[in-house]
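Shared chain: subunit A. Partners: subunit B in the first complex, subunit C in the second.
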Partner chain A sequence: MAEPIIRVEGLKWKYEGSRDWVLKGVDLEIHQGEFVGIVGPNDSGKTTLAMSLNGLVPNNYPGVMEGRVVVDGMDTREHSVAEIAESVGFVFPDPESQFLSMTVEEEVVFALENRGLPREEIEERMWWALELTNIPEDYLEKPPYELSGGEKQRVAIASVLAMRPKIIVLDEPTSMLDPIGKTEVIEVLTEMKRRYNATVIVIEHRLEDIAPLADKMVLVYRGTIPKVAPPREFFQDVDFLLEHDVFPPDVMVLANELRRRGLYDGPVPMTVDEAESIVRGILGRR
Partner chain B sequence: MGEAVRVDHISYVYPDGTVGLKEAALTIQEGEFLAFIGQNGSGKTTLSKNISGLLKPTTGDVWVFGRNTREAPMSELATLVGYIFQNPDHQLFNQTVYDEIAYGPRNLKLPEEEVEERVTEAMRIVGLDESYREEHPFFLSKGLRQRVAIASILAMRPKVIIVDEPTTGQDFKQSIDIMDFLTMLNREHGHTIIIITHDMPIVAKYAERTVAMADGRILLDGPTREVFAQAEALAQANIKPPQITRLAQRLGDLGIPPNVLSIEEMADLIESALKGRE
Partner chain C sequence: MPTKMRRSLLGYLPVDSPIFSLHPMTRLLFLLIVSAYPMIVRLPELNVAGSIFMLALFRVSKVDLRVIKNYKMAFVNLFFVIAIAYTFFGGYNPDYRVLIELGPVKVCWENLRWAMVVYIQLIFAILIMIFFLSTMRERDIVVGLRALRVPFVLAYMAGLALRSIGLSIIDFNTIREAEKARALDLQALPFSEKVKKFGMYIVPLVALAIRRSDEVSNALDSRGFRFTGLKSGKRTDYILSKYRMTKLDYAVLAGMGVFLAGIILISIYTDWLALESSLLYRI
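Let's turn to the complex of A and B:
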């Protein structure tokens, strides 16, 4: 197998002034093109792990680090956040926190202009990013703050996509949005998975939506990574996830309950469609 | 138990001309546990703020324990209905946890002795340790700030408590903790609880009655089980019932009813359908 694009080795991290390690020696490998879902309860270290992938940890936060993180060949302790940003794009939970410009167009091209790319290439990348995030042309002149929550987050994602980073990290991109906005952003993630061969890493509580998209699921719990597996394997042990404060989608918990009652002994379903087939299979028996 | 709230065909138009509510009517009995659901802009927050007296209806009347919200002073309404904002930071502004929780009771001009008693009680109910009394709310974790916000409302001892998005940004376990706490206030202390939420599994698990809103109107109002069974009406309002309910709604031909609310219930139905065939 090819060298992983991200390698986290024995990473320990403690913010200055905090007593305990936030990450207690975690290992993780992510390969080029993988779509990775990171889950786990709040305050377990998910965001710190995400920030260690683009070098914000340790470069922009005071603290103590042990172990190492290598991203696209760069040891994050030996490269600046700006250098690492050439390879890693980052999307925050609150889209407003990252807006810098007065119009959607300026927002999407801002970083490209800063890099001094030729006008043609800037245009081409902008249209590509807008299309992928389903932002209509007549939005270009709008101020970002006039958009709905879901639209804002799509603009934030478009401005990161326009940089064509090899790796995109999204930290709870739907947590501040209403259901329509959440659905819009999940659709963008689905398009990214389908059409953009980047490495995508998403921290997300909406397991129902992430499970069918992910190639690999990572559980972060109290500063450790107790489980890494493809979704079908990751969700098989429902009780293990519940013990780690992760509540799998209803249909998975149902399959687990049916197993417990001796009515079913197959794998847990990833979607409502699969659950429907399972129930039909059980009740179709004579 | 008597009538707590009567919303009598109210409309609400915001100062910029936006119509927030059209002809909304509902009655809430003391001791109920309700959820208001609907997309952003559907009117659920506008309705809640009219119930709490933070907004006054443009036409029609809101009665809270027999008092018209247009006529009763805010200091009195605050003892009847408390409104807990989604972001605790929108309501916290004092220098210490104690002063924050004491702010409302002091505004009621209660003697300091009773203020102290109410603060102590509120802190105990929300599970805030005494050692936090002199802390600055700003330096507490979000979960603790939320508890301070709830305690500051509880100290007013309002009979009706409205909580805006109690589970947003919370993980699974934190959500359960908050909702179990509201259930305790409802069952043991007799508070009427209204949650405003997008979190349908939470509605299915905790709310006895659900009011679904769309375009400033009340679309559906009834026992949660009956509301979630109306798949078509909910789809019009862009509301997706919980995953387990959606599964049940595809299995009508196998005798599974469209109003299943829990995993346990679904498993029971499958088990008894199997037994029925043996």
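Let's turn to the complex of A and C:
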């Protein structure tokens, strides 16, 4: 098998002044092109794990680190965040906290200007990212602060996409958005999966949206990773997930209940359509 | 059809405002050059003319004149501060004409005249600043400074500082609303209590400012920004490349420069701009 693009080996992390380890010896391998969903309850260490993938941990936060994280051949302890940013794009939960400019156009090209790319390439990448994230041309002159929540997060994603990183980490990109905004961002993630062959790592609570997109699901619980598996296998044991404070989508809970009652024995459904065909199948047998 | 607006540092401006036909560098230099006029010229008549010119410029540039109304209390307060300062601390000369005696304080015409001269100068200067902030965006300032070959770090810091003022005002209002919701309304308290309780605003405001700077720092790093000191390194000026200096820019710059040079020369070699030429000195 090919060398993983991300390798986390025995990662332990403790923030300065804290007595407890946030991450308690985490091992994880992610391969090029994989779409990975990271789930887990609040305060389980998901964000710390995400920030360790682009070097914000340990470079920008004081604390104690053990183990190592190698991203695209770069040990995060030996490279700056700016160097790692050549390979890893990071989308923060709060879109406003990541804006660096006062117009959408400046925001999207900021990282490209930093890299010193030729003007023609900046222009081409900007239009590509805007098109992928469905941001209209007349938004270019608008301040990103004045857009709706979903639009703001789309601009943030476009700014990262324009960098064309090999890896994109999205830390709860819908957590601060209203339902419409959440749907807009999920649509962008779907487009990214369909058209952009990067490694995408999404920390997300909306499991029903992420599960159908993911190649691999990772459960983070109290600073450990008790389960890594493809989505169908990951959600097969609903009781295990519930014990770890993860609430699977309703369609999976339904399938689990049908299995418990001896009515169904197949793979767990990922979508409402799949659940519908399972139910129709059961009804048809009767 | 509604007019398309563009956000400026102090409000909104129609996108078809003629001011946008000027390069940001020209607009930035407008502030630097025209601001020098009231500093050099003390003659009130010329500063009044300058203020009227600025008001005309507001109109031509389609800046909503209501923006000036927001500062009317500042104008009034400024007048009283200057008038009081010159009346009480302006000094006394036996040649001065005493208008009123308030106990030991003699209110003299000469001191009041100075107050008026300074006030009119400041009004002109403030109008220039309001015009600048009403027509410039953070982007324009960064582009203008970059066009003047100011290092990117300094240009970006200037833009960030201006934006942080706006963000701090938003944060302050949020904190104030939150405090009000918990029955702390400073406006309803006597002055001494206001001072005591002001910490309730300042502490969260400072904490928010620190958090914001931390977030900006993380976002800058995550977008591959490397602090290279005053050298811009290999950074591409993509946004700057979208602007071109036109004949109009050169004409405006030349006009402002010639006018400034003229004022300097006239004030050095003649007494036409001296205060003694003013009508106020003939009263």
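The criterion applied here is as follows: the second predicted complex is superposed on the first by the 285 of 286 C-alpha atoms of A that agree within 3 Å, B and C clash if a C-alpha of one lies under 4 Å from a C-alpha of the other, contacts with A are read in each partner's own complex, and residues count from 1 in each chain.
By definition in this document, a residue touches a chain if its C-beta (ideal position, glycine included) is under 8 Å from a C-beta of that chain, and two chains touch if they have at least 3 such contacts.
Since the structure is predicted, the reported quantities are computational estimates derived from the model, not experimental observations.
By the document's definition of touching, neither partner reaches A:Val69: not subunit B, not subunit C. Of the two partner chains, neither subunit B nor subunit C is touched by A:Ile6.
Applying the stated contact rule after C-alpha superposition, one finds that A:Glu276 touches subunit B and leaves subunit C untouched. Contact with subunit C, but none with subunit B, is seen for A:Leu56 once the two complexes are overlaid on the shared chain. Of the two partner chains placed around the shared chain by superposition, subunit B is the only one that A:Val251 touches, whereas subunit C remains out of contact. Contacts of A:Phe99 after superposition: subunit C is touched, whereas subunit B is not reached.
Looking at the shared chain after the overlay, A:Arg115 reaches subunit C, while subunit B stays out of its contact range.
Applying the stated contact rule after C-alpha superposition, one finds that A:Glu146 touches subunit C and leaves subunit B untouched. Touching subunit A in their complex are the following residues of subunit C: 6-7, 15, 137-139, 159, 163, 212, 215-226, 233-239, 241. On subunit A, the positions that touch subunit C within their shared complex are 54, 56, 59-60, 80-82, 85-86, 89-90, 92, 94, 97-103, 105-106, 109-119, 122-123, 141-143, 146, 159, 163.
Residues 39-40, 141, 168-174, 198, 201, 238-240, 242-244, 246-247, 250-251, 254, 256, 263-264, 266-267, 270-271, 273-274, 277 of subunit B touch subunit A in their complex. Those residues of subunit A that touch subunit B in the complex are listed here as 41-43, 148-149, 175-176, 178-180, 205, 208, 245-247, 249-251, 253-254, 257-258, 261, 263, 272, 275-276, 279-280, 282-283, 285-286.
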